[in-house]
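Residue numbering begins at 1 within each chain, and the chains themselves are lettered A, B, C, D and E in the order written.
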Amino acid sequence: MSPEWQTVWLTLKLAGITTALLMVIGTPIAWWLARSNHWLRQPVAAIVALPLVLPPTVLGFYLLLLMGPEGIVGTLTKTLGLGTLPFTFAGLVIASVIYSLPFTVQPLQNVFSTVNERMLEVAATLRASPLDRFFSVVIPLARPGFLTAAVLTFAHTLGEFGVVLMIGGNIPGETRVLSVAIYDHVETLEYAKAHLLAGGMLVFSFLVLLTLYLINGRLNNGNLKS
Amino acid sequence: GEVRLAVATNFHEAAERLSEQFAEATGHSSRISYGSTGKLYAQIRHGAPFDVFLAADQERPHLMEQNGSAVPGTRFTYAVGKLVLWSPDPEAFTDPVAFLREGNFRRLAIANPKTAPYGLAARQTLENLGLRAALEGKLVRGESIAQTFQFVATGNARAGFVALAQLRDDHDGGARWEVPDTYHDPIAQQAILLERGRDNEAARAWLEFLASREAQDIIRQYGYDIPQSPE
Amino acid sequence: MNEPGILARVAIGFDRFRLDVDLQLPGNGVTALFGHSGCGKTTLLRCIAGLQECAGHLYVNGDVWQDGTTCLPVHQRPLAYVFQETSLFPHLSVNGNLNFGYRRTPAAQRRIHPQQVIDWLGLSHLLDRRPERLSGGERQRVAIARALLTSPRLLLMDEPLSALDQASKRDILPYLETLRDSLDIPIIYVSHSAAEVARLADNIVMMDQGRVVAEGGLQETLARPDQPFALEHDAAVIVPAIIRERDLQWHLCRAEFEGGSLWLRDDRQSETGTRVRLQILARDVSIALAANHEQSIQNLLPARVMDMAAEHRPGMTTVRLQAGKTSFLSRITSRSAHQLGLSPGMEVCLQIKSVAIVE
Amino acid sequence: MNEPGILARVAIGFDRFRLDVDLQLPGNGVTALFGHSGCGKTTLLRCIAGLQECAGHLYVNGDVWQDGTTCLPVHQRPLAYVFQETSLFPHLSVNGNLNFGYRRTPAAQRRIHPQQVIDWLGLSHLLDRRPERLSGGERQRVAIARALLTSPRLLLMDEPLSALDQASKRDILPYLETLRDSLDIPIIYVSHSAAEVARLADNIVMMDQGRVVAEGGLQETLARPDQPFALEHDAAVIVPAIIRERDLQWHLCRAEFEGGSLWLRDDRQSETGTRVRLQILARDVSIALAANHEQSIQNLLPARVMDMAAEHRPGMTTVRLQAGKTSFLSRITSRSAHQLGLSPGMEVCLQIKSVAIVE
Amino acid sequence: MSPEWQTVWLTLKLAGITTALLMVIGTPIAWWLARSNHWLRQPVAAIVALPLVLPPTVLGFYLLLLMGPEGIVGTLTKTLGLGTLPFTFAGLVIASVIYSLPFTVQPLQNVFSTVNERMLEVAATLRASPLDRFFSVVIPLARPGFLTAAVLTFAHTLGEFGVVLMIGGNIPGETRVLSVAIYDHVETLEYAKAHLLAGGMLVFSFLVLLTLYLINGRLNNGNLKS
């Protein structure tokens, strides 16, 4: 694989894995935030939004501290025999997950809070267990939220850059993703290459998004307005 | 008057100090924006309101002279960077070349040779030691020399090539090896008067001041060399 | 605790409303839940279903659904609930809605199957439709069908037919009757329609402001002239009888009961020998001192006045009479009662204008 | 175009359903819209309200609401709509819901005020409540009140009372009657309840599968023995009359009409001289060859048989009779009709068991 | 005002103005996207999400190209006598608006699509004009979406950095915002100052978010679940 395609592949892998992980992690958090009455609800909601507030590079710097050999997380991963996370793909994924968490949780929480309680009650009287209800009622009703969450998360991880730069160390084939590559080209005045990569990324993303929205529109066909 | 300076990040502290002196000496004030050389270049090309550019290389000032964003003939090397192999752990190495050759470490940090002059110098050093290929797999690249420093300072890389200007004697002890300047091309940092500053008296005054003996002393204190004969 | 029937002791308070109910209902047949708007009917059903947390205990046909220590979650209670308001899943077609509960019912427990209810409730042309493309009555029918398809062991219905026209009701009611009889499960049925209640119910519970103010079997309760039910206009007795004779020319049949027999429309074309339940509205019964055969009212029965009660609203009197061993109610103006000199023990002639078979 | 009344020509097609209606309705009074579930009643109301785009034209009391060139948007049509399903704003309290339309009605056009409807519909203790904390019937009452508070010039009501118990209906109906009379606006009223219709309606429209199958004034239409309405059980005539006498002891009053007079319950305590509308259900009317005063039925009227029609369901005959100038319907078994030898022109005695004042 | 407070003030001003502008701009776009059946709907939805995909610095670079003296927008603003936008506060605002657009539009679109059509019909029969309906029905029903949109937008503008750095030029008192200042401190190894600013920003943001969520929870009080 040529280095360019390696970078593209790595980028898609990172964005894909991050999005998938966040859907799994974010959904229960969002559900709890939307439905619970626990007093910790609001504080947790506020904490979830915090990664957004810090500049990505700065967030990356703190993650570097935390996950480094002298950081809390680093000490832990070392004792677990996992080594340290910075400059590894796993480290990138973890950093991206933390940074993109709000983009997953907020839209989901949002749409979960608009799911009609009555529908859950009906499902319960039709023998659906809580988990079953979640999959058979909440997820279909909350589909626009899932779409938004996935799109925001994926796109944001694609474009995400500060954190990745800091945690990744720009190792070709391991942690150099497209955003970093484009950035490099801009920094070094290789504008033609930058235009090419940026243009390709835009066109590709546009097509992916368009396809997603068209499929979603087809599925909806007016059904979610009721 | 006021001069607006665009300064490469690695020269940040020195520039702050210089502008204080400059103000005392001339009564002119200065407003300093920092950034990587590449970014500042792009901004200046697209109308950024800077009078003087203190780059981290000679390539970009040279380009500017050619494409008319700067005043030809005002370019000169104000400082020469010094490359250091550094590790915060004093035990890390005693013989730096052996240390590099043995390669008993997971990560070695350098600045990105494409974007940062110190990175280029670091790569040349490794090439001259004949270690570039051997160490390629262990290199992590900081986007700027500052990021490279952070990789090392946080312990995530065992050692790294940083700028001498970044090390404080007081608390950045550890093991260090000042790379002899024979191992790499000189890291000549050049300054230039920008088109926007052509008629700014303060801008010209700043450049004059930057070349003065007083300024050169300060620059040296911050870990740079002064070129023997300014070009 | 292991006895059949429903034992429900339920208490719960809202801001300005308190439900406090202690009920013992039979383990099968229909119990009609009656009462003014806001008296707590829906709340009671929700407590029974487990949708509303409440204090108390609940035993259903020998199973503990709630007591001091346990509280079965909703989905583990083998019940079905037809909600007062439309509650179809908007993301599923009619078919998807119907199958939702059916799929989740273990095959061995299925006693009702999709094709059956689809036929009963006339849904076959709607199966692919989205709920938002149904009319109000169609939605309600789908909701009923969906509930039935879980083959529940307790059926809770909150005004299930209120959105339907008379014709649809007439089509659906017989199936509900069949269900009641064939499933052998208890049904709790909230309705404002006396006709539905008289037709379906075996048992009546009357609520007011969160409490039960009266309850009992349909026949006993309805035959009380001072009946506490807000039926008034629709007071009726239910008389068990057997079809003895059919007049095919005039589409009539004769039903015999303890104390006489009545002619009625041969609507159902029941064979002679069939056991039926007759509903006779008090307003359809008038009283004459002697039989007059020169009139269109053909059901004339000798009877004895048992007791009389003035109604809640002035001017009307409900008279209880007995023909043989069977009680009847007649609703007449108090002035008539006075002018005819009615008094307990007096022998009179009942004129019954209309009789309906309700089962 | 400038004539009073509603001219509605409406056509619209869904996948499997087509509504095609050409109606001319009077400019005031209640028009009852009848028909099986799914026949297009709601769709017709939505077209009139402008909620559903459709082809055709619509003129209301001289105003153009829709024709080839213009189509007034919903909010510019001075109508109110009570939806078939609950439709309260969940983000507003009951009070907020009530005021929503009231605030948007220019002060000069307000003819109904909050305190009035709050009293009529018994909402005063609910004003601060959120809709989700109301019972089904309470919600429905709030929706009616909210609609009325816009002082509409056309009122569309889609089964407004179906969620209510008899007692609530009994409490609310008189106010709707008052409204109908005092506002002098047309009301289109979808209902499955014959009792409500007979009580409120001046006009009936019967729909089937998206078309109008019959329409006309209440009295004429109801007095047709072959009436096409699915009323059957509830066929009735409406008789205008005047209260002439009151019997305070027995809570009765005597109402005189063209052709006789009837005793009835003095429910409303109307002064003598009051004009009223009497509803007499065909099922409450029996026929005797001669008057028998020794019975509880006190309203006996000499009358002449006009015509007779077998009913849709076999075994029953509806007989139209005339007492003086007034038509009556009587529903009897076909066998009785035969045995009494009834035939047009014959003089008989009407026995009327029950009369209701409906206005 | 000391330079630090100047930076804080500038940051809050930028985030505030951006959020306010985006609420105004994003709401009609989101409404159109949620409700229209126009064939352009999906393409526009995809375009709205695109700013996310590019690394911020790269996006900033292209904005610089566009708004610079030789760019299309720049030529336009110059002929209008407005000068060029980069390196001005106005330029920063415009760049932030573009970059944060998806964070406003997506959650709004999302929640708009779950607003019950029936409620709008009811409001129409109660004399509410389309605009009136929007304010009196849609906005209250969509409140969780507005909250999410505002929080994401505000927080993202606070932490936003690449674009700001590129378009703003890091000029003290004019375009240097907090994120850039923290970044500077990290870059120049002034860790103590970086910790202070980052910590302050986190605490401040946490408190603001917490307050917001608490108020929102109070307002809801179970009313949006119906």
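By definition in this document, a contact is a pair of C-beta atoms (placed from the backbone, for glycine too) under 8 Å apart; a residue touches a chain by one contact, two chains touch by 3 or more.
Remember, it's a predicted structure, so these values are computed and weren't measured experimentally.
Identification of common neighbours of chain B and chain D yields E. Between chain A and chain C, the least number of touching-chain steps is 1. Taking the CA centroid of chain A as reference, the farthest chain centroid is that of D.
Chain A and chain B have CA centres that are 36 Å apart.
Centre-to-centre separation of chain A and chain E, using mean CA positions: 19 Å. Computed from the mean C-alpha positions, the centre of chain C lies at a distance of 60 Å from the centre of chain E.
Annotation for chain C: residues 85 touch two or more other chains.
Shown for chain A are the residues that touch two or more other chains, namely 61, 118, 180, 183, 186, 224-226.
Residues of chain B in contact with at least two other chains: 39, 42, 147, 150. Chains touching one another, given as pairs, are A-B, A-C, A-E, B-E, C-D, D-E.
The residues of chain A lying in touch with chain E in their complex are 41-43, 45-47, 49-50, 52-59, 61-62, 102-103, 106-107, 109-111, 113-114, 116-118, 144-145, 148, 151-152, 155-156, 158-162, 179-180, 182-183, 186, 194, 198, 201-202, 205-206, 209-210, 213-214, 217, 224-226.
Within the complex, the chain E residues that touch chain D are 118-119, 121-130, 132-133, 136-137, 140-141, 143, 222-226. On the side of chain B, the complex with chain E involves touching residues 4, 6, 9, 12-13, 31-35, 39, 42-43, 45-50, 144, 146-147, 149-150, 153, 166.
The touching residues of chain E, counted against chain B in their complex, run 57, 61, 64-65, 68-71, 74, 84, 86-87, 165-166, 169-173, 176, 184, 186-189.
The touching residues of chain C, when paired with chain A in their complex, are 49-51, 73-75, 79-81, 83, 85, 87, 89-92, 100-101, 104-105, 130-132, 146-147, 150.
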